[in-house]
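Two complexes, one shared chain (chain A), two partners (chain B, chain C).
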Partner chain A sequence: MSNASTSAAGSERISMLKVLNPFHIWALGVGIVLVGEFMGWNFSVAKGGAYGSLIACWVIGLLYTCVAMIDSEVTSTVAAAGGQYTQAKHIIGPLMAFNVGLYLVMAYTMLEAADALVVGDLMKSGAAALGYMDLETKPFVVFTIAFLAWLNYRGVFMTLTVNFVITLIAFLAILVLFIGVDPTHSGTILKHKELLTDLPYGWIGVIASFQFGMWYYLGIEGTCQAAEEVRSAGRSIPLGTMGGMMTLLVAATLTWFICTGLMPWQYLGQAITPLYDAATLVGNTNLQILLFVATIFSAVASANGCINDASRAWFSLGRDRYMPSFFGAIHPKYRTPYRAIIFLIPIAVSFAFTGLLDQVITFSILSGLLGYTFMSINMVKFRKMWPLGSIKRGYVHPLHPFPAITLFALCVSVYFATFLGYGSTLLSIMGFYIVASIWFTIRRYKFVKRGDQFTMPWPRPEGY
Partner chain B sequence: MAKEYIPEKQSGIGQIIDSIFILVLVYVSLYIPLLMKADAAAEAAADAPKPTWESLQLSPVVQEQWVKLGYDAEKAAALINSKFDYTIDPMMLLLTAGIIIAYFVFMLKASDKEYREVISEKFGDK
Partner chain C sequence: MNFWQLLSYAAWGLSALMLLWMLADAMSVAKQYDEEYLMSSREGADELTGQ
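What follows is the complex of A and B.
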């Protein structure tokens, strides 16, 4: 395994610390995603109505269940930093791996920028509620990114332990709010009967809502990035990922149920902080404060997890010379990919300050979607090249190839959904990946050591 | 065993240039949609008379929730009358689908060629 890398001095081979357990994996996956329940998912309501959003929640939930199943098998077998990037390198080839590495870096860095913007906006809202109007948000954006990068720099154990605590609090806040809206007495606080309407745009709107339905779960696949730092990848990754998926399915359904019972769909479809708004409508100050804190925690946890994942993907690209080798260094004391962490700070800040939140979010979603498309192809090739029994797998997912086929079909539907609202952004992002691929083939690949790309102790793949 | 490929060593300046290149490419991709200005957006109906709660024909419960959210009839109407346009341009759809398919086909083919070099160097010629 090439889980060792050069130290800062470049003279000694060191590796990352194996200190994480399934709870950290859960915290990494759910931590990145849970902010999607506090904001973002509701844009799917604008696209297809409340019921359209619920259908998106479940259909996209199926997409991510397939992602989690496939990820659990491949990552528990290819346990290395870089996650899907390393899988692509071993199963499909260098150019695909380069693209997957870029998907990961772009998806997480842009999501991190959006999270930091949310923290800034929440601080402004909180200050306004206390009578301080027009608070400048930019210092909070920079501080959030810089502080979390420092935490990541100092070590993965503390980073993900913090994530576990704040993610758990945010999740519990949703449960408390659910109890607070008195769900057993319909009509008392929740007004589903009056507020729920037919599909405003018909079934085309339901398909369109898939794009933002991704927000319910976007990032759960990030659990793979920690594969090199868990004590037992074969046990921790499947347990943490599937546990995280179950948590998110519960959180997403509860969130939809609470919000659609309190807000007209036209308002909900454009709300910035729908769960906080829901707590405000209940009229309980304690709930309001709890949801305010939970929304901030969810955004911070997400940004924290994104820094963790983006830096590991960037580090892996550098380690293999797909990107400059300078970034493939591990801190000699903290054992973190510190150069990658530092390099991505100003980039995340600059994404946050572009003023193009729509494009930044769509870039993040589409990069994730391209990665899921890759995973479906990857899974089919993986089983074909190394059939069951030919190599040791940490976990074998059932019903192959149905999860891969389902995943591929659902990815196609989300491309179509994105086309419906963001066609030019979709083309522009595809243009980015096409130019980057040509650049890699012509310019970067000459720096890559061919034989070093295959580091797993596996036999020769069938068909090669 | 296939002959081992010895890669070039990249200079520090080259590493900086490559890092900057990929960043510039990202920013260009982010700004291109703004230049194209083609994305569909929800458009509010214009030239409508000033709305009232009665003209919006909402049930008392729905109206009450709007009021609780701090909305008056005019502000609520702006959101209620805002609609997405899902008209599909078939040529644009075909073009987009063609680009995505071409991207994956190119990538899989190029990756396969590179992968064979990797396997050949790692395991020797078959």
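What follows is the complex of A and C.
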């Protein structure tokens, strides 16, 4: 592994370390998402009933499968940090790139804050279960963010190796719980026959549940941020991302199956920690402890992955001067975007200290959704500008343009679902990004070095 | 002071230590290395691109 390369002018250049493999990519993607199986997905049950939630699980699963396929193809050609920001920069242009970069930073930093809040709340619940009722959550929220930022600062290999271990334990906990509820003997522990009902709010309830169906998979697209640090982006990103998506489809379906067989939809739709509640209802103390630990691990893994991704997105914006170039620095020893990591700590702590978990998560989901919508447009343009055969691709997704069209249509349906429940939040978020775009166009774009941002050795695109 | 209160203070203390360590390290890097070198990275190369 090389520590630094030499530029054409002869001066030494620093670079990130290429040390990651497909397992790290899997750990990054699944690690960010899996907390959504432990909490959050079940709010879709409150909107559409148990079957409505299952429909949301699979329909939104299709949306994210399209995201994973499109991301895998584009990122297998762009071995650069920044993920969807870099894709938008190369395919569309600066304004969309700036917006997508901002969506990424906001989505991951807010999700990180929400994860840290969850760790604090779980510590409080654990202390209460052991007889201490007045535990302050703030020290544990700050400790979670500070420790994970420190880990990220010290190097990507250890960061994502830790994520691999704790994510695997959390995933295995779901499998153990599935075996523990004796799924082959329906009626002994699981009571699907008694608990499953018709759609309580009809098909409009099913559509409304799509917003919370996002929790099953939100963040799998974060695998692209590691493209500059994997040994082979062309091989590792598609393998890790598609493997992660398959893992999540299994985990989401098992989670739905376990929880809807143990709890009535009216309770499940409001539960805070549904998988832990399911383990409690089974009545096995070991399962209960395992699921408590797995819930904490899933939240920590998610926060860890979010710090990794938000810092790479912020670093890329700095490197191209979309944000101050100060943030485009790489640590000479640890080879991480250390200034971006430090800068985002107080922002994450501020979001966490608002305590507004609902609003923070909604902002995060909508920022992600805006990114997916643009991704479908990017993909159509990418294939037109660089048709198959014009550049080397590590992965070619099938049936183009149907995945891009499907992704766009499903994004529109989720906007509608969000408008039904969080109309004013949706409009205020749109307003925020419009104001940010105006600021970028008027005040910031003049600092962007337009030629320097395109250093990939690609051929001239068709039609240019 | 019980175990949980001690744990809370430990969490605050360790958080402060780690944050200070990162800030001190970042400042020491800024002193030791040229700014141009720290910001000299370019979009990644991969065997697919032939670099």
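Rule of thumb we're sticking to: the second predicted complex is superposed on the first by the 452 of 464 C-alpha atoms of A that agree within 3 Å, B and C clash if a C-alpha of one lies under 4 Å from a C-alpha of the other, contacts with A are read in each partner's own complex, and residues count from 1 in each chain.
Note that in this section a residue touches a chain if its C-beta (ideal position, glycine included) is under 8 Å from a C-beta of that chain, and two chains touch if they have at least 3 such contacts.
Values in this document were obtained by computation on a predicted structure and should not be read as measured data.
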item	value
Per-residue touch tally on chain A - higher for chain B or for chain C	B
Which of chain B and chain C A:185 touches, first, second, both or neither	neither
Touching partner for A:325 - first (chain B), second (chain C), both, neither	both
Which of chain B and chain C A:439 touches, first, second, both or neither	first
Touching partner for A:266 - first (chain B), second (chain C), both, neither	first
First, second, both or neither for A:139, with chain B first and chain C second	second
Contacts of A:456 with chain B and chain C, given as first, second, both or neither	second
Touching partner for A:420 - first (chain B), second (chain C), both, neither	first
Overlap of the chain B and chain C footprints on chain A, listed as residue numbers	325
Contact set on chain B toward chain A in their complex	4-5, 7-10, 12, 14-16, 18-19, 21-23, 25-34, 36-40, 42, 58-59, 61-62, 65-66, 68-69, 71, 76, 79-80, 82, 84, 86, 88, 92-93, 95-97, 99-100, 103-104, 106-108, 110-119, 121-123, 126
Chain A residues within the chain C interface of the complex	5, 7, 11-16, 18, 76-81, 86, 127, 132, 135-136, 139-140, 142-143, 145-147, 149-150, 153, 227-228, 232-234, 319, 325, 328-333, 338-339, 341-342, 345, 392-394, 455-457
Residue ranges of chain C touching chain A (in the complex, touch as defined)	2-4, 8-9, 11-12, 14-16, 18-19, 21-23, 25-26, 29, 32-33, 35-51
Touching residues on chain A, where the partner in the complex is chain B	46-47, 88, 92-97, 99, 102, 106, 191, 194-195, 201, 204-205, 208, 262-264, 266-267, 269-270, 277, 281, 321, 323-326, 343, 347, 351, 354, 356, 359-360, 363, 373, 377, 415, 419-437, 439, 441, 443-451, 453-454, 460-461, 464
